[in-house]
Amino acid sequence: MNLNELKERLYVAVVSDVLDQMGYTHQATRIPFNAYTGIPKLMGRCKTTLWADMYDVDPNPYDLELKAVDSCQPGDVLIAAAGGSDRSGIWGELLSTAAQNSGCVGVIIHGGVRDIDKMRAMQFPVFATSRNPYDSQNRQRVIDMDVTVEIDGVRFSPGDMVMADEDGIVVIPKAIEQEVIQAALNKVSAENVTRDAIKNGMKATEAYLKFGIL
Amino acid sequence: MNLNELKERLYVAVVSDVLDQMGYTHQATRIPFNAYTGIPKLMGRCKTTLWADMYDVDPNPYDLELKAVDSCQPGDVLIAAAGGSDRSGIWGELLSTAAQNSGCVGVIIHGGVRDIDKMRAMQFPVFATSRNPYDSQNRQRVIDMDVTVEIDGVRFSPGDMVMADEDGIVVIPKAIEQEVIQAALNKVSAENVTRDAIKNGMKATEAYLKFGIL
Amino acid sequence: MNLNELKERLYVAVVSDVLDQMGYTHQATRIPFNAYTGIPKLMGRCKTTLWADMYDVDPNPYDLELKAVDSCQPGDVLIAAAGGSDRSGIWGELLSTAAQNSGCVGVIIHGGVRDIDKMRAMQFPVFATSRNPYDSQNRQRVIDMDVTVEIDGVRFSPGDMVMADEDGIVVIPKAIEQEVIQAALNKVSAENVTRDAIKNGMKATEAYLKFGIL
């Protein structure tokens, strides 16, 4: 099953439930991310960047962020770990255009974005925690890329599968990827059976006793 | 006038104004609730649940929440007082399906919800303060139901009339329900007169002097 | 070029960038404003009001807010500097109706608004930081008008040009207005050239080297 079919069949909550049952109980973010460009679902592999605030003139403006977008591979999701900083809008139209050209399928920004209406017109998937009109130059910059980063206590490693939807964001560690995906597909089927039974009039208490799912 | 007609004619701000004038000045919430499933108005009678965070294995998972949804009566609005906890998504698709089957007309959740796209597809009214992909099992549970609860300092008692719209949420204490509804219907008419006068060119200062309404 | 054409051609981020380059680095708000009535862009001249919380009976309810809306001039944007207070909904349908009659083209409220569905039906542009069902009477009032006010550390002076869009809000000081507008129009053209080059396959690193814009 390819990435697009998986994106259609699965959703963040069911992947999180499966990870829970396997003992991986810190794989999803709880803080609110907004799908600012109106595309409510995203799936791909983590291409990570680590950002820091700065307060002086940048000797090499945009240096590593340009390298990061230019080195995206098809299916990558660019992750910007900026600690939720509200110092500037670190992601906008030009970086989106460049990332999309490199095959990037969307971005997850723990911080501010700008040019929202232009990125919506591009139909580029953007999940972020805030909006901010300020340019990042001399305010924030990428200090490392292709390293493990953390957002809201969740670790994103290069190449990990990541999924975002309206409920939140979940990361699947690479080592257990196949097992998680198979179990999640199975749980989707079981949830459908439970929901249909309730829809047809079975009480929730009885349905949970019978199917063990909620 | 039945519940649906009242829901069409009244709105939260006008009910809050009438309660204000009767000396009930703490009947509305100020914290932001989102109508996550896109249905911007809700009216019914409070069916209350009280939630607590937990950090160990639950011996009876989902016990009281299943009882609560299975015992809803037609016209009930399920209230989840969870203190705004961000520990999990305590409300989702299966509970919505069960509650709807019992006649519940919508929910107000002071905490996290999940399965948002599925609940939107069901057209089930959901007002909540946050989104969260984590299952509630072993994280949060209902510790009491059909008791008076508080959300943002406002008391919700079983059977009280509750209304939610884009401006917020207001509760009408049962003892003064008829009086409040009649006064609110009267104020809606008076506001229409004032607005039409201003629309036709009367200055706001003059309109307030003449009609005493803003 | 008139106000409406400028509003179409410019946007908050590009105006902020130009101000940045001229050394005006605190002209935009970072806190989230919502376009509650669904109109995502606003441009005009600041008509300022300063609000304070109150806790007793107001001897002259609505006094200065009525004067403010009645004295708006065509093209004015009413600014309500209320410190982000969540005490009440200080702006609603009747004030919107009166302001619109005076030529006001929209409002920016650092605080709560109510009657959101009615203001949306009016198609009146409302940017605000929160929603609140409570009447402002005996809770908040205007204590001064037509004075310089601050929102999120940004100064709004009477007659200053102000622009709001999905990215945020920016104020152009009157003394440098013509210079800023001309430079912003130039930067929009330069951004279009850069974006088209990237769209046509130029790497972002190369495009930044060549055009000096991001």
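Miscellaneous remarks
We call the chains A, B and C, going by the order they appear; numbering starts again at 1 in every chain.
Keep this in mind: a contact is a pair of C-beta atoms (placed from the backbone, for glycine too) under 8 Å apart; a residue touches a chain by one contact, two chains touch by 3 or more.
Please read all numbers here as calculations on a predicted model, not as lab measurements.
In the contact between chain B and chain C, the residue numbers used by both copies make up under half of all numbers at that interface. It takes 120 degrees of rotation, in steps of 5, to superpose the Cα atoms of chain A onto those of chain C. Between the Cα centres of chain B and chain C there is a gap of 31 Å. Along chain A, no residue makes contact with two or more other chains. In the complex of the two chains, the chain A residues touching chain C come out as 36, 61-62, 66-67, 69-70, 86-87, 89, 92-95, 97-98, 101, 112, 114-117, 130-135, 137. Residues of chain B touching chain C in their complex: 11-13, 16-17, 20, 28-30, 32, 40, 165-170, 191, 194-195, 198-199, 201, 203-205, 207-208, 213-214.
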